[in-house]
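Labels run A, B, C and D following the written order; every chain starts at residue 1.
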Amino acid sequence: METKGYTENELLISVASKLLEDNTSALVGTGLPMLAGMLAQKTHAPGLLIIFEAGGIGAQIPTLPISVGDSRTFHKAVAASSMHDVMSFAQAGYVDFGFLGAAQLDKHGNINTTVIGDHDHPKARLPGSGGANDVGSFARRTIIIIRQDKKRLVEKCDFVTTPGYLDGEGARERAGLPKNSGPYRVITQLGVFDFGGKGKTMRLIAMHPGVTVADVEAATSFEIEVAPSLETTTPPTAREIEILHREIDPAGIVLKK
Amino acid sequence: METKGYTENELLISVASKLLEDNTSALVGTGLPMLAGMLAQKTHAPGLLIIFEAGGIGAQIPTLPISVGDSRTFHKAVAASSMHDVMSFAQAGYVDFGFLGAAQLDKHGNINTTVIGDHDHPKARLPGSGGANDVGSFARRTIIIIRQDKKRLVEKCDFVTTPGYLDGEGARERAGLPKNSGPYRVITQLGVFDFGGKGKTMRLIAMHPGVTVADVEAATSFEIEVAPSLETTTPPTAREIEILHREIDPAGIVLKK
Amino acid sequence: MDILEEGKGELLGFHDPDEHRAWIAANKSAALVDKRTTVKEAVERFIPDGSYVASGGFGHIRVAMSVIYEIIRQKKRNLAIAGKTAVHDLDTLIGAGCVSKVEAAYSFGHELRGLSAAGRRAVESGKVKVVAETSNAGYQWRFLAGMMGVPFVAARNLLGTDTLKYSSAKSVTDPFTGKPVTLIPSANPDVVLMHVPRCDKFGNCQIDGILIMDYELARSARRLVVTTEKIIEEAEIRREPWRTVIPYMYVDAVIEVPHGSHPCQMPYLYFFDEEIIGEWMSVSKTDEGAERFFDKYVYGVKDFAEYLELAGGAKKLEHLRRVEALEERMRAPWLDRKKE
Amino acid sequence: MDILEEGKGELLGFHDPDEHRAWIAANKSAALVDKRTTVKEAVERFIPDGSYVASGGFGHIRVAMSVIYEIIRQKKRNLAIAGKTAVHDLDTLIGAGCVSKVEAAYSFGHELRGLSAAGRRAVESGKVKVVAETSNAGYQWRFLAGMMGVPFVAARNLLGTDTLKYSSAKSVTDPFTGKPVTLIPSANPDVVLMHVPRCDKFGNCQIDGILIMDYELARSARRLVVTTEKIIEEAEIRREPWRTVIPYMYVDAVIEVPHGSHPCQMPYLYFFDEEIIGEWMSVSKTDEGAERFFDKYVYGVKDFAEYLELAGGAKKLEHLRRVEALEERMRAPWLDRKKE
């Protein structure tokens, strides 16, 4: 993708950052979400409040943190508090945006980061929920970033670590999860999806430049709905790429591959 | 009582202080309990940890506090924390001694500090539980200090604000209150009671100098059991009285009547 | 998990967590904006008649008295007050006729100083209803649940007593141990009032000394009005972010009010003004006396600064500073009377 | 309040609150005594085989690594570990064969750096069992309930997922709203290990920066072993008592271990030693490699100071101080590899 003047990571970060609205709050992890949040702050959303689950609230992040609890996450913060505080803040409804990654993702936005294969006799053990189940349960709008292929976008997750829309319309509420929460967008290297598909399923709403619907279908295990007016995402600008490399991640912690 | 060389308050404080063991913790309110705790620290129990419900832990109290949250309650403390912290500490079983006052007290040690008469149409409204219900529920051993007469030591409280042994043996546990908690002693101007009476009722175990069993009976609305070996309390020593007036309450906030 | 007992107290300030989340989404913002205003405007804007109000601090300690007096001045009515060791705040609000309901943990008393004449008279005459009883920990944990956005917190107090019967709590069989346990319902007060030693213009607050319930209470509030001894620079907040007890996102109004807790105590800054507290306790024994107190100290002055002048001005404030710093002995009418 | 779902995870560290109270009464004391000891003694005394152990801090931040290495040195076995964003601690303990059970919130990963070879190998081969799943907030609130001495805390996470099915939580119908709610059971770990920037000899601890779960975790512990960068005077603690995050009553052992979190980060003091972390991640791809790591850094040295020498000594420590202070750029093998 280098020939396009931007890398896949730069594209994902740029597209994700544009979803973040000014003067809202975002509970982010390190990695791509962190860069998306920082990029949003430095472009269209200077009033974005970035929060970390371990207690950092509103830091002036000097250099990209490599952990969610790293001292960079509360550098000159408005508050260095605790997980109890931040998770309560989220549960009580103060968090606008959450970010999630996934090893497997199903059409309802349910996520697996726990185990591939059987739980008690796993083919591959993954780290588990971490804060993902909490973010996916509490945040008003969750953005999922995943590199999509047929093994990742699956009909059924081996293990549902984090709730998406469970088995469809109304299922979150029936399960007792907070109202007005749940997956908002999925961003992959191919395009952007919302959950406007039938019964709260993933629906392709935008594709990155040069991608076709057939590309998306070939990288998805389930049938995918396509929005009537399919948009093309705006690629990262030279200015965004400069900000990312000069100001946000000069060491290349995430940007280098 | 001045002729005896000590006042009633000095007697109550001295007797209460002797119940407090060294290297234990006591959750105290202001007033007599505070003086008892401070006197214990300055005599036989230098290692007594005094805790206040509003968050003061292990203060070096410079002068008698007039409120449970007064800055004197956390002056040079080991921690200035919160009610959530202190009440959790107590609920989890870390508090050895609690102190309670009462407007009415029944034979099982149940306490009323809420209302005289009917709750919704009270003859006299009192402050309510405050931390009393919590102390009476959580502390391992609760010491009740009350000026006894027939209107105060009653067959049945108009309102049970704070649990004693409820209706008797095993009732606290049946109600779900923590095991190994509950009233330990009652100290009045006449004597000292434990709860060794039948079915966890008050039993006279000691009388102050010059008091008779008839005096006690005349000041109690219920039938009172008397321990086989009835002791006489040791009156406050001149040294104790000096400490109280010189070091603990020189302004006479509590000691003056 | 059978319900064993249900308190018949009114569920003051309880909101289904989903309803509370919707309210938060519609009314609170993460924007870092200047929230400075006046006490007058804050009371007009955030405290309509009938609000369920909770005061920070404890007893006579760290209370936003300038806001309390302004509520009286604006003749707010039918307030429901969290009687969470509410003392001078509650008593004066009741004395001024602002209150119709109280949930009582500790109310109607002034600790060692004696009982509240105004508060007791209002309850005994039926003018003010105690709609629920609880304990101090009970209230603390109502706000913990409110902060957490959950309907209840489990606890082992209240059990077996009339306090439970008249509370808004329930007891159930705990499915883990099979034993009874209390479920204390959450509270999200309509308005919380706090006085802090310092904060920035956005509302990031530091507090010295014990927090009492204020950590959880601030976070459980729908509207949070903060008065402060001093507004400090944002940079000072960011230099020691672990000192921020209340971050700005919870705060709706910031007002600099020096000595704003008077006649209550501000730890490390000034002691109780026992003379004013004593005056109130004495005159409030009758409705007429209470009215005279308000005529003098509230209606008769244009703002809190003028009130402080009446209360003794700079000389009095210096005395209170010195008492707090253990440099002078306190003066108290109730203590003088003991001498006689 | 019907039970809707019961997780089948093992209830690690759960104690009936009455049983926990009895344990506290028999084993903890309010006495203000000198608790200084050595890491060796603390591990011998407080961490028997089979203990349920939780580490303070988070990921590679503020971890009592000197205690972790000593557990390995003493060849403790069959530990159950709270996988509460447990990273280098858990991974080395598993690699050394000390662990048989994990309750996983975040485990088997090193955040941005990659997955844990040793941890995953042990779980995939069945040598270590993941006996329960939860989330970070789930673990946080297990300790909140443990601190409070109640059997559970209500929450709105886990619902609807396999995480709940494999957790030790239950879901029930909330009697206040009629909606499903999760009950997260309390945890009182047998031993909690923490590294703090400073404390006094009694165990009164201050922490700079975020607390993560440590406020609640320390209070939920049965035994609490604290290592500290520096032991300070009691008077310093008492001068700012609101800075005491953990008061001494919870603490069982105090050991001064400068750089005691290495190779993990200590906020404001030193950065991650990515070279050592990278070395571990690389060699731990085989059991033999892991063994060589322990031969070199644990069995081969007599104490933590000697380990620090091996890791680069004063020069390395100065580098880590400067990186933390933003005066130098970090060195990381995993970052170098990216360049290639």
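One rule holds in what follows: a contact is a pair of C-beta atoms (placed from the backbone, for glycine too) under 8 Å apart; a residue touches a chain by one contact, two chains touch by 3 or more.
Worth saying up front: this structure is predicted, and the values here are computed from it rather than measured.
Taking the definition of touch as given, a chain qualifies here only if it contacts chain B and chain C alike; those chains are D.
One finds 41 Å separating the Cα centroids of chain B and chain D. Here the spacing of chain A and chain B, counted between their Cα centres, is 57 Å.
In whole angstrom, the spacing between the mean C-alpha positions of chain A and chain D is 27. Contact of a single residue of chain C with at least two other chains is seen at positions 17-18, 148-150, 155-156, 174, 179, 181, 209-211, 241-242. Residue positions of chain B touching 2 or more other chains, listed in rising order: 74, 80-81, 91, 178. Judged by the touch criterion defined above, the protein chains form a pattern that is neither an open path, a ring nor a star, and not fully connected either. Pairwise, the chains that make contact are A-C, A-D, B-C, B-D, C-D. Remark: chain C residues 17-18, 20-22, 24-25, 28-32, 146-150, 202, 204, 219, 237-239, 241-242, 244, 247-249 touch chain A in the complex.
By the touch rule above, chain A contacts chain C in their complex via residues 23-25, 47-49, 57-60, 74, 76-81, 85, 88-89, 91-94, 96, 140, 178-180.
Residue ranges of chain B in contact with chain C, taken from their complex: 30-31, 53-56, 62-63, 66-71, 73-74, 80-84, 87, 91, 110, 114, 119-134, 137-138, 159-163, 166, 171-172, 174-178, 251-254, 256-257. Across the complex, chain D meets chain C through its residues 1-3, 11, 14, 16-18, 145, 148-156, 170, 172, 174-177, 179, 181, 183, 185, 207-211, 241-242.
Those residues of chain C whose C-beta lies close enough to touch chain B in the complex are 57-61, 83, 85, 104-109, 111-113, 115, 119-120, 123-124, 126, 129-130, 133-138, 140-141, 144, 155-163, 166, 171, 174, 179-182, 209-216, 265, 267-268, 272, 324, 326, 329-330, 335, 338-339.
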